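After this come two complexes, each holding chain A, first together with chain B and then together with chain C.
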Partner chain A sequence: MLRFSGKNLSFYLLLTPLLLTLVLLVILPQLDMLIVSLRERISYGEYTFSLLHYQEFVNEPFYWNTFLRTAVMSIMATLITLLLAFPIAWYIAKIAQGRNKSLIFLACLIPFWVSELVRTYGWMILLRESGVISVFLQWSGLASGPVEMLYNDITVMTGLVYASMLFMVVPLVSTLEGMDDSLVEAAYDLGASTFTVIRTVILPYAMPGVISGCIVVFMLTLGNYLTPTLLGGKDSLWFTEQIFTQFITRFNWEQGAAFGVLLLSLSSLIVWLGLKLSGQSFKKAVAS
Partner chain B sequence: MSVTPDLECRGISKFYGDFQAVNDISFSVPPGSFFSILGPSGCGKTSLLRMLAGFSEPDTGEILIKGNPVAGIPPNKRPVNMVFQHLALFPMMNVGDNIAYGLKRRKVSPQEQRRRVADVLERIGLPGIEKKSVDQLSGGQKQRVAIARCLILEPALLLLDEPLGALDLKLREQMKIELKTLQQTFGTTFVYITHDQSEAMVMSDQVAVMNHGRFEQVGSPQTLYYKPETPFVAGFVGNNNRLRGQVIEAGNGSVKVSTESGQIFHTTSTTHLQQDTPVDLFLRPEAIRIDRESDSLWQNCIKGRIDNILFDGGNSQLLVRDTASPTQLTVALPQTDEYQNLRQGEIIKLGWNSKQSIAFRAG
Partner chain C sequence: MSRSAQKFHRSLLAVAVLGASLSLSVQAEELRLLTWGGYAPQEVIDQFEKETGIEVKVTKSNNEDMISKLRATRGAGYDLVQPSQDRINGAQKEYRIYKPIDLSKLETDHFIASMLDATKKNTSVDGKVYGVPHIWGTSGLIANSSQQNLSFNDLCSDDFKGKVSYRLKRPTLIGFAFAMGEDPFAAYNDQKKYAEILGRVEQKLIQCKDNVKAYWSGGDALINLLRSGEVTLAMGWDAGGWKLHKETGKINFVAPKSGALGWIDTFALPAKGKNDEAAYKWINFVMQPEIAAKITDSAGNFTASVGAENYVSKALSNSYKISYNQASLDNIKWYPPVPAGLEQLEGKTLDRIKAAQ
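Right, the complex of A and B next:
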């Protein structure tokens, strides 16, 4: 029997909207997806239980190739984002002072004031055949004809890293700011080289931030639809496109739902593996 | 033939823009001694310590460690280790890994590391805590672990940057004694900076009093206390009453001073003072005798009314106002039984020997 009184009551009141959104917007649709994915349409309005759509995924190399490619590209994008974001976060947390600090932080934030669509369109204006860079190259004589820089993997990767930067910088800055500078000095004083200080003190200290940043960036990248589609064109082969195609173009909800469930399992599996490999716990990463 | 000092500084200075943090300092520290640098915050003592550790380089002058110049040698290559103000123990490592950190960097074998860590923990009186995490330790234990982490590397010099500042009073008193004992058992030369004169006095063989980037005086705690050379040292080391006045009769080492409120006192001075020189007269509260009735003869004597009794156990003090002038003196209250019934408002006689006060030219 629950007893609602004082502190207890306010806790449940605050928890209610959270629970509602979690149940209605996350758990319920996922359960529905799971149910839809496990049925086969026999005739109009008539369904039976079947694993057909999962078999389809296994038997069709195109599907699981796209699936693997999406996973590998997302992991790469996450790692590249981490490599680029770490020095930036270090600079913001430890080197920049006062006004400069907030300016740099703001510079990381400003791109997010425009919608993702507009930001991606910005890349297209720059990179397309008739775009700014192509025109400049021709004008300066570095290229003899129009240069197409869209629709390849490097461009997709650039776009993904760009879109994820802030989500890596923020958790890194917050963990690094909590680090006492004298830890670095102490390690240095005890005989460590710069590289050893980074490896043995700074990285282990920042690990919770690294992990939470990586989880967010990986999830966002894996589930990204706009950037791979617009910058990579129809050859981008991103798994979310397959889901979109099944749901909207083919109107094959059962297949789309199966893909959706597979994507969720994949991302959970990779995050779990990442945590195991880095020896961190999900709890610690979330707490940072 | 003298022994090579563990540390020698020759005319070192450090500028930050136009501000001169350290101003032409020279000193040397003999092996195995406990040397303190005592000064108020902002006096440049931290800048000096960071130059010794190698985190910054002096703009002029030379630092020699065991007779070798160390200019250009980074902190990780200097035979010097530092205990930081907040200790800087690595929170993601256990006690054993913290202490072995320096040995690991020197590529000492794991068995040897374990043996030496166990040995040093034994010596600091905390055997067998290798597996504990840093947050499980008490303040005093952390302190000792931080020192052990440095001493295991057998540095020529251990630098300590006010490591007792964060501890509460009781523990600080206890750690003062422990630090001194640790220094004696390891025989390592300690250079300790602090703004707390009691820490410096209790632990050190030699104390340098620093102010505005300069050393005012270097000497044993007794010398600083009994024979201060500058008004700053007289005011900073121990407690002192300061009276403004003027020389009315200059002699050889002893002068007669007339204070602003007209009292005449006999006192000593270390410098030669001309007649009519404005001076500050320093008189320690604990050098003043209290008498109630008797007509004992002292060189200096005043009659005063007890304004206030500041009771603080063994450190109790009286605030006494001269009956003839507004001068107020702080007087230590001895805890012997004849003074226990002193009351506020009572008239008492104060007296002191001229050798126990000292006059400096007013700055």
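Right, the complex of A and C next:
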């Protein structure tokens, strides 16, 4: 029997908000989604149990093609973000000193003071056919006609990497800061090349940060809606867009819910595979 | 229970009662309107508030969003909504989100009789009327050229390669079907035939996907594309075309050869609306010709109000006259109510077009 007194009581009181959020805002809606996804409409307001909407996903190539495309592009975006963010994080954690350090960190943070929508529209103003870059290229004589830089995969990728930069830099900086510089010095003293130092000393040490950064960025990118839709144009095709369309424009909540459940399980699977392949445990990554 | 605790409870009760009565009195003075952009201009809202003391809260939306919102709350959250007339019947049968309209509370003389009758017929479920007409308009082409003789097929022509925009929504499919010589409305109740027509439209739209600059999703986005010259031919609403005509003098709305697609946006009462009286007052208020003309000036579309055209601004009626003559007016294809199941078919067609590379 639970006895709510003293220390015990305060523990449960402190835990309640967390539990309530988890149950009411995460677990219950997910369960409801699962239930909705497992029913089929037979007539006006009449439903029956069925796996139809999951079969639909398997049978229609363009649904799982879209999912595959989303997953591959998200993985690519995660890797590119990692490659770009690592040197920055290294510079912030190890090389920059005092004011410089906080300035660079601030520079990474500032874009996130405006909303994602505004940032994406910023890209659109720069890249569109009648936009800033196109006009500049024509003015300087580098291009003879208007240049359209929107509505292709490279633009989408740029937008995604830009949007997730911070979420990679922060965990990397915090792990790298904890690293003892003498480890690197010792490796050099023992005659290791720069590449060997990075591969055998720095990377293994930073691995928990890399993994947690990658998980966050991958999940954010996979679940992104605005950037691919606005920058991708007619060929954008993002899985979250499919979910939105099913719910809002097609009124097909059952199909949308099935996609939602699939997105959750498939992305969890990809993260799990990534952890297995890199030999890392989720626990360690979360702890970093 | 100790005395202080009792006191505390009493004061809590008092606060609760006060709160409840306050919220009641607030509700009585409020009309929550879910509508399209431009359908409730501030000037009209202010005048209504001055005359009736009812505060109007406007939420802007579109057809799909309206149904989704009402479906999520089973018809609560708003007192008056404005879906298109062809989208009421199916949504009502499926989700029961509306309540019938009491026509005796409306000044029906203010409505254009033919439009009122057509809307009543199309929005009836089990003999009860769920919608009355407010604003009507058409979808057709908006062209940045002096050519008047255009068809939806021109969206696929090489003359406009890479300079075309349309929505990936059902009007596009229906417009193309008409342009290809089919009659999709006649096939509404024959799913097999309808699927066949959709198949042909799908093929055509995938073939000429290269022509498309971008699929637009909001009226403002389309107007931007056309204004900047990035798009020169688009499928869009007449109001957007007339707005651009007023601004540029060159871009204008063109009724396509196969006929523009006509829609009527209605007034409907959500099932759990709390202030029907205010809703009826609002409908009667905005259907007066002078007020209706103000809404026409703001929305860019004409209303079902008798005599309102006499009060509409000159510029708009000029643009209108360029776009329409009697023949093209008679050729407007009005949307019949959408039967259940069709939107599933269309949805998949649209998904496949979007996914095609």
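Observations on the structure shown:
Here is the rule we use: the second predicted complex is superposed on the first by the 288 of 288 C-alpha atoms of A that agree within 3 Å, B and C clash if a C-alpha of one lies under 4 Å from a C-alpha of the other, contacts with A are read in each partner's own complex, and residues count from 1 in each chain.
Basically, a residue touches a chain if its C-beta (ideal position, glycine included) is under 8 Å from a C-beta of that chain, and two chains touch if they have at least 3 such contacts.
Model, not experiment: these values are computed from the prediction.
Model built by superposing both complexes on chain A: chain B and chain C fit together without a clash.
In the superposition on chain A, contact of A:Asp189 is made with chain B only, not with chain C. When the two structures are aligned on the shared chain, A:Pro204 is found in touch with chain B, with no touch to chain C. With both structures placed on the common chain, the touch criterion links A:Leu24 to neither chain B nor chain C.
When the two complexes are overlaid, the chain among chain B and chain C that reaches more residues of chain A is C. By the touch criterion defined above, A:Ile95 reaches neither chain B nor chain C.
After overlaying the two complexes on the shared chain, residue contacts for A:Arg128 are found with chain C alone; chain B is out of touch.
Annotation: superposed on chain A, chain B and chain C show a minimal Cα-Cα gap of 47 Å.
In the superposition on chain A, no chain A position is in contact with chain B in one complex as well as with chain C in the other. Against chain B, the residues of chain A that register as touching in their complex are 180, 182-183, 185-193, 196, 200-201, 204-205, 207. Interface of chain C with chain A (complex): residues 64-65, 67-68, 71, 93-96, 169, 209, 212-215, 228-230, 340, 343-344, 347-348, 351-352, 354-355, 357. Per the touch definition, chain A reaches chain C in the complex via residues 44-45, 60, 62-63, 65-66, 128-130, 148, 150-151, 233-235, 237, 242, 245-252. Of all the residues in chain B, the ones that touch chain A in their complex are 53-55, 74-77, 80-82, 84-86, 88, 90-92, 101-102, 105-106, 149-150, 153.
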